[in-house]
Amino acid sequence: MSPLFEVQNLNKSFGGLAVTNNVSLSLAAGDRLALIGPNGAGKTTFVNLVTGNLLPSSGTVRLAGQEVTRRNAMERVRLGLVRSFQVTRLFYEMTPEEHVALAVLQREGKSGRMVGRYQAMPQVMDEVRDILHLLGLLELSHLKVREIAYGQQRLLEIALALALRPKVLLLDEPAAGVPQSETARIEQALDKLPPELAVLMIEHDMDLVFRFAKRVIVLAAGTVIFDGSPQDVTQDARVREAYLGSYANVGSAA
Amino acid sequence: MAASMNQTLAAGAPASRNIVGSLAGIATIIVIGIIGYYLFPNNLALLTRIIAIALLVLSIDLVTGYCGVATLGHAALFGAGAYAAGIASAHYGASDPLLMTLIGALAGAVAGLISGLIILRAHGLPQLVLSIAVIHLFHEAANKASSWTGGSDGLSGIAPTALLGLFEFDLWGRTAYIYGLALLLIVFVLLQLLVRSPFGMLARGVREDPLRISAMGASVQSVLLRMYVISGVVAGIGGALTAISTQVVGLDSLSFTLSAESLVMLVLGGTGSLYGALVGTVAFMWFEDVVSAANPFHWLTMVGALLIAVVLFAPRGLYGTAAALVQRVKGGRA
Amino acid sequence: MKKLITATIAAVVLSSAAYADTIKVGVIGPFSGPFALQGKNFKAGIDAYFALHGNTVGDDTIEVIYRDVPQPDPAQSKALAQELVVKEGVQYLAGFYFTPDAMAATPILEQGNVPMVVMNAATSAIVTKSPYVVRTSFTTWQTSTPIAKVAKDAGVNKVISIVSDYGPGVDAENAFKTAFEKEGGEVVEAIRMPLSTNDFSPIMQRVKDSGAEAVFAFLPSGPTTLGFVKAFNQNGLKDAGIKLFAPGDLTQESDLPALGDQALGMQTTFHYAVSHDSPENKEFVAAAQKAIGNPAELSFPAVGAFDGMHVIAKMIEATGGEQDAEKAVEAVKGLSWTSPRGPVTIDPESRHIMQNIYLREVTKADDGSYFNKEIQTFEKQGDPGLEAAK
Amino acid sequence: MQTVFSIAVDALAYGMVLFVISIGLSVTMGLMRVVNLAHGAFAMIGGYIASYAARDLGLGYAAAVLLAVAGTVLIAIPIERLLYRRIYGAPELTQVLMTIGITFCIIGIANFVFGPTLKTIPLPDTLRGSADLGFRSIATHRIFAIICGLLVAAALWFLIEKTAFGIKLRAAVDNAAMAAALGVRTEFVYAVSFAVAIGLAALGGVVGAELLPVEPYYALRYMVTFLVVVSVGGAGSIPGALLACLLLGAIDTTGRYLAPEYGEFFFYLAVIIIVILFPRGLAGRFK
């Protein structure tokens, strides 16, 4: 059986500077893969290549058996590849309920309806409530998003992704910017993700990576330098070099 | 379980409040319409004109207020409707007012599609410039096709027949006014349904964050284009109403001036709300009428001062600021 | 509430009944905006008429109600005309600077039993739109036709026509072409340029390439005329001996101070020059300049308005103040009088004004100001535009 | 061939006049991110002051130009402090509303003070008349406008790219908070940039008056042209604005020569094509 999601020999360079260098990886249903790497390793570029916001210089991206290398972001979403954003991108004047409802409607192909209200569609409302409940956002469902805490906005990002019922979920630093006290809620939310879902998580927070991922890929200078279990990653010489070697540069890079 | 019951109740409350609110709004329009009829029985022609422009401003609100597209060329849609309805009557004898309205709506939709296809190719300031270019092209086209449009002399010879075969469009403009009011009400009710529908929600999403919308698998471009076509229908109806009620169409209906003025009316009333569009139109046109009658030589200065005052003291527009005030008072009480 | 409404209506009805011997005249024109100067001239002409002849006819007092349509906007014009007739109860509609605005109001004349006196709008066809339209201004055909003879007499055979691309411009082009070809001349090229043209250099290049001996031009008065005349001079056309012919819109008195030396020697044909030498005109100019405030701002719309008020006064006289559009219009058909511009007659058939058209040359006066000096008269010109349309 | 040259000269002259008038707007829109529809109004004020100084006070042309620039800036300072400062960073539509309001007021006041007629600025003898280029003649004043345009472009480029003030300005534009933290007085920087932009508007109004005569509706009549030019060039870019002016000048001039009756079509079609191909302007610095 071919994997659900597969990247082969992906390259991207900006004016001669190779930012993504021959990266390959694959995901099957139920996988929990974490992609880590020091600052400037090319993680953001990689995300953009995978989601279709950037076109690669060479290489292929396959999703559910189809080649999607040149397809745009929207089509990839429809084929089941859904992402969350590193910096929350939400509709700040709308409520969490509206967010999730919009996602559910979009998935069901009903978002173009010009009459009727989602509140009057029982299955939609049931699903919306279920998802909000799952992520503990139900009591906030009628506040405007700009009025809720950042940690809860991060949860809403995940809720939105879930509402689209993806086959492959790409979580771009789900805990970024969330205060330490609230990361536990993000972890809980991640634990509740459907087991058959293939998840690729980009993350800085190593605690979260160790708890969540079954497999880790380390990216440095656009190249995959490690692919293996979380247990082995800290022992790997190249990973240590990439991270420790980069400490000296952190100050100037930031 | 109890908690979730409470949530359900809470969820139901704002929904029903919305419906009550919208019914109240419709009732307000009807009441104001009737008061207008009896209070200014001799000004119905001007009131009808306000209605036609209100339809144009509502139409701009759909793309600007709900989708975040900045445009200074929206009169193209209005003028297309006005000319189509006028040409149908003057050249083809299609003078039934309902038919003319339909033709206007269709032409508005086509114009919406064309200008949407062009204007949506850019964002921000370049988008504004594209819209300006579009309105100038439409204007020039109408000026050039003078055998159809009458060019700068205006298209005359429009003679709508009696509405439903019963009501003549008379000198007092009663029929035109009531017809216009009915059109406005129908459009308003439909638009209220639209902006609360899933599609309306999608459009608001596009305004706030297009990237997020495409990350949800929806096509931003398609949403905007559909909205442009709907907006064209609304503006086209407004244009047809002008053609029917004044029986003449001029190049001004395809002008940059009208585009800019109606955008100003929208911002004055408050973007992103249908009431804002109506309030803005009525306020601006009323102000213009009063001030230009009182002192035509200086009314421009006063309109300018009004605009500055609105930006300084009511930045969300008249309706938006009033609504926010009401909200705050209510919030304070709760 | 209902009481209040009834009371309001009653008040409106009563107020119009109480002043039965006040005859209201509704004047629509551009009183604000870029064309406000023309509206100001309307008002000056009307005020001058009242100053010289009083505002009473028999027992009746004339009251003028002004309504503003800043730019061509037929819908607005129609709405205001309707309001004037229905709400203000005017017995006469007058003014109308722009053709579309006048055209828009014609359908309500018969229904409202109201005559319309056009004080400026210059497209021939307006008078055909309703039997209740009388015009006291001019048509573009009327003022553009005689210049063809002037050109031919000056020995010019090949002319290039340059007009602004809108109704009056096209009228001017057709009028000149028709007349000039009748004289045996040839219009080698006819250029229509957008109204918004700022830089006329490329047009002047076309003139050079065309090999024409003279230019016939029509542009609306205002900022573009200045650019046009300057471009004509600075691109060496004047020095090359190419002549410039135009109807008087190009040398409107209010533009002359700005045109200055650039316009010296320009020949235009028009129905009225502020400098016209007659006792009637001296009287008129004195009154109108007083009314307008700044004497330099006075120009032709004022005389259209002045004569328009004369026609309305005659109409009131004929009807004894009763509202009877047919009788009123009938009364002025064939009416002749001496206007500040010279002898004029309302043509009984077309209801358009027959008048002298003058050839004028821009001349510097002793005090350093510029004026249109009349040097030739074409007597009793009708409107060739109506003929051409037949 | 001679015709081609001739058209090219016309295009250059027209483009440079556009440049002199529009470049100030490019500064406000690109560097200060204000959609300043009142730009033309300030150019008009400059024109009026120069006309008053030269015609009614009988001062020389150079003195009139200086007076116009200084006077317009002086008038603009309170407007900046009271009104513009409130709309920095506001949504585009708000800026449009405010600056249209300002434009209307200025038009109304100009109409009241100077009347509705055209005002001219008498030229000195050296700029009057025409110069012979061999194959054609051109108004001396046009040559003056071309030189002015080049000087302004060079001076602005120097100011923004090569001076300490330019560095501060660019910093303030890129990241106002950061610049402030580094000790740049952003309010001061903004005020100075605004003054420069207004001064350029006034200069453009005076130099361009031969082509775009001064009258109260100047501010509205040419508003769209200025906006289009700046946007096509890419707001905030001096080379971009120069390129846009020359290109649009060429298109406009050629179009009006070849097919004057479709002049408007050519111009706006070209604008649509350029904007779609270069959504950030020919040399846009910012999104």
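General remarks:
We call the chains A, B, C and D, going by the order they appear; numbering starts again at 1 in every chain.
The working rule: contacts are C-beta pairs under 8 Å (C-beta built on N, C-alpha and C of every residue); 3 or more make two chains touch, one makes a residue touch a chain.
Just so we're clear, the structure is a prediction, and the values are computed from it rather than from any experiment.
When the partners of chain B are compared with those of chain D, the chains appearing in both lists are C.
Considering every other chain in turn, the ones in contact with both chain A and chain D prove to be B.
Farthest chain from chain A (centres taken as the mean of C-alpha atoms): C.
With centres computed from Cα atoms alone, the innermost chain of the structure is B. Annotation: 41 Å between the Cα-based centres of chain A and chain B. Centres computed as Cα averages put chain A at a distance of 72 Å from chain C. Distance between chain centres (mean CA atoms), chain C to chain D: 36 Å.
In chain B, the residues touching two or more other chains are 140, 144, 297-298, 300.
Contact of a single residue of chain A with at least two other chains is seen at no position. The set of chain D residues that touch two or more partner chains comprises 111, 261, 264.
Per the contact rule defined earlier, chains pair up in contact as A-B, B-C, B-D, C-D.
Residues 3, 6-7, 10, 13-14, 17, 111, 115-120, 129-130, 136-139, 141-142, 210-213, 215-218, 220-222, 225, 252-254, 256-257, 260-261, 263-264 of chain D touch chain C in their complex. Remark: chain C residues 5, 8-9, 12, 31-33, 36, 39, 66-68, 71-76, 78-80, 82-83, 85-88, 99-100, 103-104, 106-108, 111-112, 123, 125, 129, 165-168, 170, 194 touch chain B in the complex. Looking at the complex, you find that chain D touches chain B at residues 29, 35, 83, 86-87, 90, 92-94, 96-98, 100-109, 111-112, 224, 227-228, 231-232, 235, 261, 264-265, 268-269, 271-272, 275-276, 279-281, 287. Those residues of chain B that touch chain C in the shared complex are 38-46, 48-49, 52, 140, 143-144, 146, 150-154, 156, 170-173, 242, 246-253, 257, 292-293, 296-300. Interface residues of chain A facing chain B in the complex, by the touch rule stated above, are 51, 72-74, 77-78, 82-83, 85, 89-94, 97-98, 101-103, 105-107, 110-119, 125, 129, 133, 138-139, 141-142, 160, 164.
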